[in-house]
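The next part holds the structures, each set out as structure tokens.
Each of the next two complexes has subunit A plus one other chain: subunit B in the first, subunit C in the second.
And now, the complex of A and B:
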């Protein structure tokens, strides 16, 4: 039980990291996704390069780069700041790719129909393309959120006191057999935490299907 | 220019780290994918006990962060007298990870094989083993290829977590160099470039295969 309460001490930080990075990603990915599907070649390639570069480098490298590498004047990232910004930027890249896939899967005729109806480009995008794309990508976004939850564990390597960090601390203080407990518990906890996300995603998906086909 | 000269000096040490990273990734793929195939069959098995065991292994491997599994092997099991060298623990953890992820992709691939293929095999009087190995698996694996390539890239990136248990892979080499002269920005940027130099082309090749397979579908 001691082990469990030790792990739980890190739970708020895990949730803060995950949700902050997710919030950054959800918003920041929008302009990037638009850039990824832009007709302008230079803009599109620049966005593509950014997304592939961010995704091509492991998260732990981004976190160390931000935590130890960045120093502007007297400014340095604290561990939590570095973790949120690092995980946030990575989320932007992954979510932009998900958004782009969604936008591309909206049938071309929708765009043409909106054009024929004389809708402005902004209206077409916001009122026609985005709602349909969102329906398509919402399961992928939920999957990414559970991935992000697990990736937040990497913040323990730059000394952010989230769940894995607390597990480590407990294990170090208990060299006996009890010391394996926090690792088992934290593993189970991650699986349990991703269940409500999967459930929400499924019910959201079902509700939107009903809204479309009812 | 200064940066480039210093980077050139760092490279030999980083390259030996990269070698270790690639080795771990290779082991986790070569051992993980066959295990993943076994798991994907277990998950679809008629026997409830086999199915449950398969599901448990897959869900833990996918649901728990790789870092947690890594710590479980390296810090947890020794408390029961089962101790591994850090590099062995890293390989075992990533094998579990790659087996779990690849099994889901292979299962999806095999389930995407048209129902008629099963029926045709049955009509031809093929045994269950024959049906699986000669009819379903070859077709299912084909559509699983891009997904499996994606997992391979994910495994290569995952080797960076072995830093946390002091495996002398790329990230650890970078950290060691950085803590000598505190050029963290340069050294981690270079380490990032090393990872990207492998992951990015690999991703492009994967996308190419994805498109090719989609065209023939």
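And now, the complex of A and C:
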């Protein structure tokens, strides 16, 4: 088997890891972001503690802890499960911080106008604050997604057969100069994969800029 | 049809508002010191005074954007005591009765002018989209901005944005309108467009409370002039009388500073 096919074998797993963790993060970060700016001190501090704890520990450590440190009854994480949960939880923490920044950058007058009009809290949040915050944070979210794509390679350390894992396996079987080839290819593949995200982000940004200011 | 007729579909039910012994402090810092004000239905009250006097804070206490520490607010058979627990029904009733216009307009930038005016009607009053859009178009036409209906606020001048903001507030059929320095962010010429709309609204008999530095407007349009300084009302009465013959030294100094500029 040639190096390129070897690396490609890991492609589906890289995509699965990245998109699953991203989906968990995008959704899970919403309540956490709300908690981070809650007027309730206990809730706010609890959320802050969670975010700082998750972000304070390297992803590789989280993955090892999840894979080898958790056993409840007969339940243990399989490598893929541990990687998805680990990357997902880290995504929740990072994205919540991004969301919070976005919500806080919406001018306070927007909230006041909504209050003065008598709009309900939920309506104000969903129809007034979120659309404006989303416009502000969408480039950061795209940047995070490309970062997550590359961080998914850390899953190779707990034996998840994604692209880097496959590259290593190939390199081990070809201990000559050829062994470096999969790493070159995998590097190029990561760049290629991140291109559509960057493109999507730019066109989304341009569309929303138009929607807001046109 | 007049502005408030359009806003209400009929003549506005005239409502006044009564505030008693309103006090507000931020920590140790007193911002409103036992202020009472009675606004008769269909009258215009201009609130003037040096900056830092508490005018805007007091205005924002009226619709509870700021929560006073004590006092009572009576409007439309509702009595609200902000020092105590406010039930959601009273708060909703207060906000429905009282409309507000801000210095910085605070239009929703992601919505067209039409949607800015239409969307709150649908959410707060439960109007259908067609009805709300129609009402919004009438109001836009009335403030001279029908052609801006489908523009976003970012494409409108400050004066246009403020007129859209007035239309947005009127669309919810308020019986009382609060204006928080509505022309302060505008250059003088553009401010005139906004003042013209406010004059018309006053002529229609809308109950209005206006925090302003526009002395001419205060003199010509308001029924009552209220002078605030140092967190309290120091003088109130007929605007012409106060402007020509202020009783308080503090008022005299303030008026001299504004009028002789």
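Note that in this section the second predicted complex is superposed on the first by the 213 of 214 C-alpha atoms of A that agree within 3 Å, B and C clash if a C-alpha of one lies under 4 Å from a C-alpha of the other, contacts with A are read in each partner's own complex, and residues count from 1 in each chain.
The working rule: a residue touches a chain if its C-beta (ideal position, glycine included) is under 8 Å from a C-beta of that chain, and two chains touch if they have at least 3 such contacts.
Given the structure is predicted, the values throughout are model-derived calculations rather than measurements.
Q: Just subunit B (first), just subunit C (second), both, or neither: which does A:52 touch?
A: first
Q: Which of the two partners, first being subunit B and second being subunit C, lies in contact with A:196: first, second, both, or neither?
A: A:196 contacts neither subunit B nor subunit C.
Q: Determine, for the superposed model, which of the two partners subunit B and subunit C contacts more residues of subunit A.
A: If we count touched residues of subunit A for both partners, the winner is B.
Q: Tell me which partner A:135 touches in the superposition: subunit B (first), subunit C (second), both or neither.
A: A:135 sits against subunit C, while subunit B stays out of touch.
Q: Pick one for A:184: touches subunit B only (first), subunit C only (second), both, or neither.
A: In the superposed model, A:184 contacts subunit B only, not subunit C.
Q: Taking the superposition on A as described, I'd like to know which of subunit B and subunit C A:110 touches: first, second, both or neither.
A: After superposition on chain A, A:110 lies in contact with subunit C alone.
Q: If you look only at subunit A, which of its residues touch subunit B in the complex?
A: Per the stated touch rule, the residues are 52-53, 55-58, 60-62, 64-65, 68-71, 150-151, 153-154, 156-157, 164, 167-168, 171, 175-180, 183-184, 186-188, 190-191, 194.
Q: In the complex of these two chains, what residues of subunit B are touching subunit A?
A: It comes out as residues 59-60, 63-69, 71-72, 75-77, 79-80, 157-158, 160-161, 163-164, 171, 174-175, 178, 184-186, 188-189, 191-192, 195-196, 199-200, 203-204.
Q: Where on subunit A does subunit C make contact in their complex?
A: Residue positions touching the partner: 107, 109-110, 112-113, 115-120, 123, 127-128, 131-132, 135, 211-214.
Q: Show which residues of subunit C lie in contact with subunit A when the two form their complex.
A: Contacts found on subunit C: 63, 65, 92, 95-96, 98-100, 102, 104, 106-110, 119-120, 123-124, 151-152, 154-155, 168-169, 172.
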